[in-house]
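Listed after this line are the structures, all set down as structure tokens.
What follows is subunit A paired twice: with subunit B in the first complex and subunit C in the second.
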Partner chain A sequence: MLGRRQKWDKVAIIFILPWFIFFCSFTFYPVFTALLVSTNEWNLFEGTFRWIGFSQYLKLFHDAKFYQCLWNNFVYLGIQVPLSIFGGILIAVLLNQKVKGRIFFRGIFFLPIITGIVVLVIIWSWMFSAGGGVINYFLGKVHLPPVPWLIDPRWSMPSIALMKVWTDVAFYGVLFLGALQGIPQSLFEVAKIDGASQWHIFWSITLPLLNPAIVFAVIMGTIWGMQIFTEPLLMTEGGPLGSSTPLTLFLYRQGFTWGRYSYACAIGIVTSLLILLFSIIERKFIERVTLY
Partner chain B sequence: MKLQRILTSKFLWRLFAYICLIVGGFLALFPFYWMILNSLKPGWALTQWPPSFLPYNLTLENYRYVFKFANIARAFFNSLIVSVSVVVSNVVLSSMTAYALAKLRFPGRELLFWIIIAVMMLPFQILMMPLYLLMSNYRLLDTYWALILPTVVSAFSIFLLRQGFLSVPDDYIDAAKMDGASHFRILFTIIFSMTKPIIITVMVINLYWTWNAFLWPYLVIIHDEMTTLPVMLARFQGVQTYDEPRWGAIMAASTLTAAPLVIAYLFAQKKFVEAVSLSGLKM
Partner chain C sequence: MKKLKRRTTSTLIMAVLLVTVFVTQAGAVDWLAEEDISNMPSTTIRYWYYETPEMTALGKLEKEKFEKLFPNIKVDARTAPPAVDNWELMSFVVGGTNSHIHHSVNNESLWYIDHDMLFPLDRLPGFAEELNRFEPQMTWKWKDGHSYALPWYGATTMLMYNKEIAQEVGLDINNPPEFYDEFLKWAEKLTEKDASGKTVRYAAAIDPREAWWRFIITGYNLYIAATGSGDYISEDGTQVTVADTPLQRKPFEFIYELVEKGYFTNEIYKVNPVYGGLTAINWNFSAETIFDVKRNAPPGFEYFLGPYPRPKESPVERFVGRLFVRELVLMRERFLRGEAGDRVNRAAWEYMKFLEADEQLAGMFKAEGMLPCIKTFETDPLFTAEIEKYGAPLGQLLEARSGAVHMDLNSVKTTEVQGALTLLIVKLQQGVDPAEALAWAVEEGNKILAE
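Moving on, here comes the complex of A and B:
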């Protein structure tokens, strides 16, 4: 803390000013607007507000559509987060071996992350297509029946989740690789001298030491998963039968397609609070489970 | 005997690792190969069944079609203007706040830092509707301003730069002050030259985000002349699949959209991987 008589750098005001103006206009003011618009009926033509209280929130909590979208987010999270973390650990363990071409393989695995999501979504939409899609062609080659990827309500969200495992897995890989390289090499050597098998080393040394990184990955994956928008919008338009509409697409439809500003703001606030709530719960839960 | 066992198990393990890596590499690359290959196939070969996986009868007709029916040069130019503006403004403006947080003494510094952390965690969903209404009220929809302003300074850039600036010893700053250098000079000459890696990281992260951004540009851009590359691609695909999908042209447009950043990535792989992995910290 500053001493009472200590001088402070007045120039700091000038240094902070640009950010402060930005913060007031593009963060604080919009959040304030969200609260205002969600609790008031806004007449665009007269520019007047009429207090409607929390009726939009009540409406949301009674809206079956909201729960369906939340459920869609859960379906996505249930598939995407565990699979990409599992894949990420695999990539990290492989790249942590003394194999040739590690940088090369890391570069290839990371390519989907660098490429913009719109490009990936378009390639995959085509590969997923039911009739002439290349994925169903490969399935046919190994004598599996074709899957109605994006056109069946039961498959639409899992398809998107699978594609997102492919796009994000290297991200988790690099995250876990960083954590692995932080583990002192001597630990592995001692275990090897004691005659522990690779498998045993993995379960009793690698995995427990990766724990903090896994907690972080689960939270991050959840936050990202709660925010998915582009993939369902461009791959399925949220269909069929709303089976792949996540919360953000729901918000978009209400606010931007139907012009229900109050409702959209309420959805935005509730979604943001849910994201916050989930990350807190997950942190508490996982820390309790994995504390040894 | 024992030595031999260890050797064989090690050999098998290594073999297994290589097989996994090669299969993984194939899985990661195949969609890109498929995109480029099909962008070069003539129209009749695209609907061929079974599909052909090797290059045969390659043509540039799809690319000609894209250049004729999509204003891809304009979209590239828009993306470039927006990305360069965001990168430059973040380096200049975010580093000013970061410098104040790291090296200047003023009341409320801790509080300011916590506000920045909180802003970093704020989901975009809460801002989406009000920010759009704000832009619409000030008649900024369909302009570069709408694309640039919401990311002109970012809490995450400030956070990263602050961590970097903290590593510069105070002695350097004190010495420069003795010589009569202003804080601006200290920041933009001494500090910048000593923290180049983090400055470049911040530039790469902002370039990566802005270049690939879809949701916000999709909301605020209405006319085709103002689209950035990803939005142009999404619209082009929408139009092309309306009656009879021209997948060859769509794949050509996708290839052209992906190319600039992927080429940059090929030249600076290490920096990109490092910076983009770090960007995950911004929840």
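Moving on, here comes the complex of A and C:
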């Protein structure tokens, strides 16, 4: 018995080893190095470290720019995550109907995910143009004033979040469609026999059974939202006046533009801890309000 | 007796060692001082092509040509990774994969010198003759008595006006505005509103994005035109001086006025808005724009150039703008020591000289419109035939270049202060009062300098 177990362990180790090496090289080692660098002054050329304690963390907690960037992330999360998930559920429910050409529509809705980010940024920048953009054109058609989407500090981050809603709705749509198709049809049939309305079925059966997928979507949406980088860098460079600078772009500029490695690592560590904290809170909260 | 034996033995060993070292050294070649490297043992250097497709294609041809001239030198070449400057370059330097010849600029080069990353070119054969080929105005003098860079191309910018729009609104295209009051009158005429009062064409656009270098495009030229100088930090390096005098404050007040009056927009355009008539003035016309016009402007598009406007009290005459010089520096070989390292540094110098040779500079000018910094640029037939093709705009740019102020970013801190000055312009665009915006920029800049 013991011999078999030992043999199984060796096989398991062989299977786990590639992932373990990858994890140590690209997760554990960078996190450890980031912790080390955040508490030391690092001479890159000599490879030497000088202990500076937690001064960079103290500096960070007194830096108004850090709070501005954190707020920007909150604005982004507050718009992007709920709208994407809501839109995703809506699309999934629609695509789950037995309508003609639903395979085609599934493909169409998936297109934003496979489109390159630079292409999306260029197209959306045109669409967001305050003077000649298509969005303001349609707003004008319904007698609404033009919005300075990317060039006004109040609108820059919401604009980026809206653009990301468009791409992420597709992803969440596919996610929820998979979850929907996993729900036993018998539950819907029984509800129909009992005379439940479509809305009642959705509220009492579909939504509660989608809950695990929603928990996943909210947590992953938050993690990805905290990591937003390319879109603000390409669309606004974090402006105007830092209004669309997320923590990741703040970190990047401190580290790679101004060479403040210790400070950048401190930002990275704090951001990671914030993501962890948000994920725990969200999980506890959503699991508590589960409807079944 | 034993002691004597031991002493004799150690003396003999020492003597053998000394003789060996002497013989080895006597036979060794000091490659750093060697004029001709055609008999150098096989050596490999690394080089990154400039990022654009045209320059990469040119770079490949140059590599082939050089390797034919020096079959013993291999150029391990690749296209430069995007936006690799200063700290971004460090991973390549520490990993030993960076280009031995780096396309640099003065503020970056000084930072590299501080970190002992550059090889002093004046220690290499033929440097004095090489340096003498370039316009002194475009050649940087380094602080510690050594020269570390050769100018590669030098650019200046002017204002580009859409000719059709200017004529349509009745402006004299032969006399573009020079002073603020004239420019304001032009800006008013070039700005167009529809019947509902909505602006359908702005005089110009100033990009509101926040990369630190945007100030160089948006405000620096106006600042130089107003003050005649590119300095914005005190000589002792402790204070930002951008708001010290009324003349220094003028360009910022001017930008505020242009935005406030609705002549300038802060819209972000992905294509030059002057081509389609969305704006009438391009704020940053360079020799490369001549190529861009050919590629992207609609057929029949015509333009003319003008100077950056200045206040009447400005000490400068006609055109003064910034001169940007891209230079080549030799990144010291860090991993190979002794003779092997010397060979790489020397071979890289040979390649740098090759890249700076007239033929290669002409190729670069033809490919991308980068203006070489050599003294003979406007007289050598190799270049003049090409210059003539581009007509009056290039002539005006060259004239402007001769009087331009070399962009003075002489430390990383001065660069970082430009980040604050970029935000100053964005604040003005957002309607912040110039006095308040300037006070903020000075305070922010002083904080950076005090760090």
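General remarks:
The criterion applied here is as follows: the second predicted complex is superposed on the first by the 255 of 292 C-alpha atoms of A that agree within 3 Å, B and C clash if a C-alpha of one lies under 4 Å from a C-alpha of the other, contacts with A are read in each partner's own complex, and residues count from 1 in each chain.
Keep this in mind: a contact is a pair of C-beta atoms (placed from the backbone, for glycine too) under 8 Å apart; a residue touches a chain by one contact, two chains touch by 3 or more.
Since this is a predicted model, take the numbers as computed values, not measurements.
Once chain A of one complex is fitted onto chain A of the other, the partner contacts of A:G239 are limited to subunit C, with no touch recorded for subunit B.
Of the two partner chains placed around the shared chain by superposition, subunit B and subunit C are both touched by A:I122. Of the two partner chains, subunit C is the only one that A:F45 touches; subunit B does not reach it.
Residue contacts after overlaying the shared chain place A:I16 against subunit B, while subunit C stays out of touching range. By the document's definition of touching, of the two partners only subunit B reaches A:F171; subunit C does not.
Using the contact criterion defined above for the overlaid structures, shared-chain residue A:A130 touches subunit C, although it does not reach subunit B. When the shared chain is aligned, no partner comes close enough to touch A:S204: not subunit B, not subunit C.
Which of subunit B and subunit C touches more residues of subunit A: that partner is B.
In the superposed model, A:G255 lies in contact with both subunit B and subunit C. Look at A:I151: by the touch rule set out above, it reaches subunit C but stays clear of subunit B.
Residue overlap on subunit A between its contacts with subunit B in one complex and with subunit C in the other: 122, 126, 132, 255-256.
If you check the complex, the residues on subunit A that touch subunit C are 44-45, 122, 125-126, 129-132, 150-153, 235-242, 245, 255-259. Only residues 86-88, 90, 94, 115-116, 199-200, 208-212, 214, 265-270, 278, 412, 416, 423, 426-427, 429-430 of subunit C touch subunit A when the two sit together in their complex.
Across the interface of their complex, subunit B is touched by residues 2, 6, 8-13, 15-16, 18-19, 22-23, 25-27, 29-31, 33-34, 37, 90-91, 94-95, 97, 99, 101, 103, 105-120, 122-124, 126-127, 132, 134, 137, 166, 170-171, 174-175, 178, 197-198, 219-220, 223, 226-227, 229-230, 234, 247-248, 251-252, 255-256, 261, 264-265, 267-269, 271-272, 275-276, 279 of subunit A. Subunit B contributes residues 9, 13-14, 17-18, 20-21, 24-25, 27-29, 31-32, 34-35, 47, 49-51, 93-94, 96-97, 99-100, 104-107, 112, 115, 119, 121-134, 149-150, 152-153, 158, 183, 208, 211-212, 214-215, 219, 229-231, 233-234, 237, 247, 250-251, 254, 257-258, 261-262, 265, 269-270, 272-273, 276-277, 280, 283 to its touches with subunit A in the complex.
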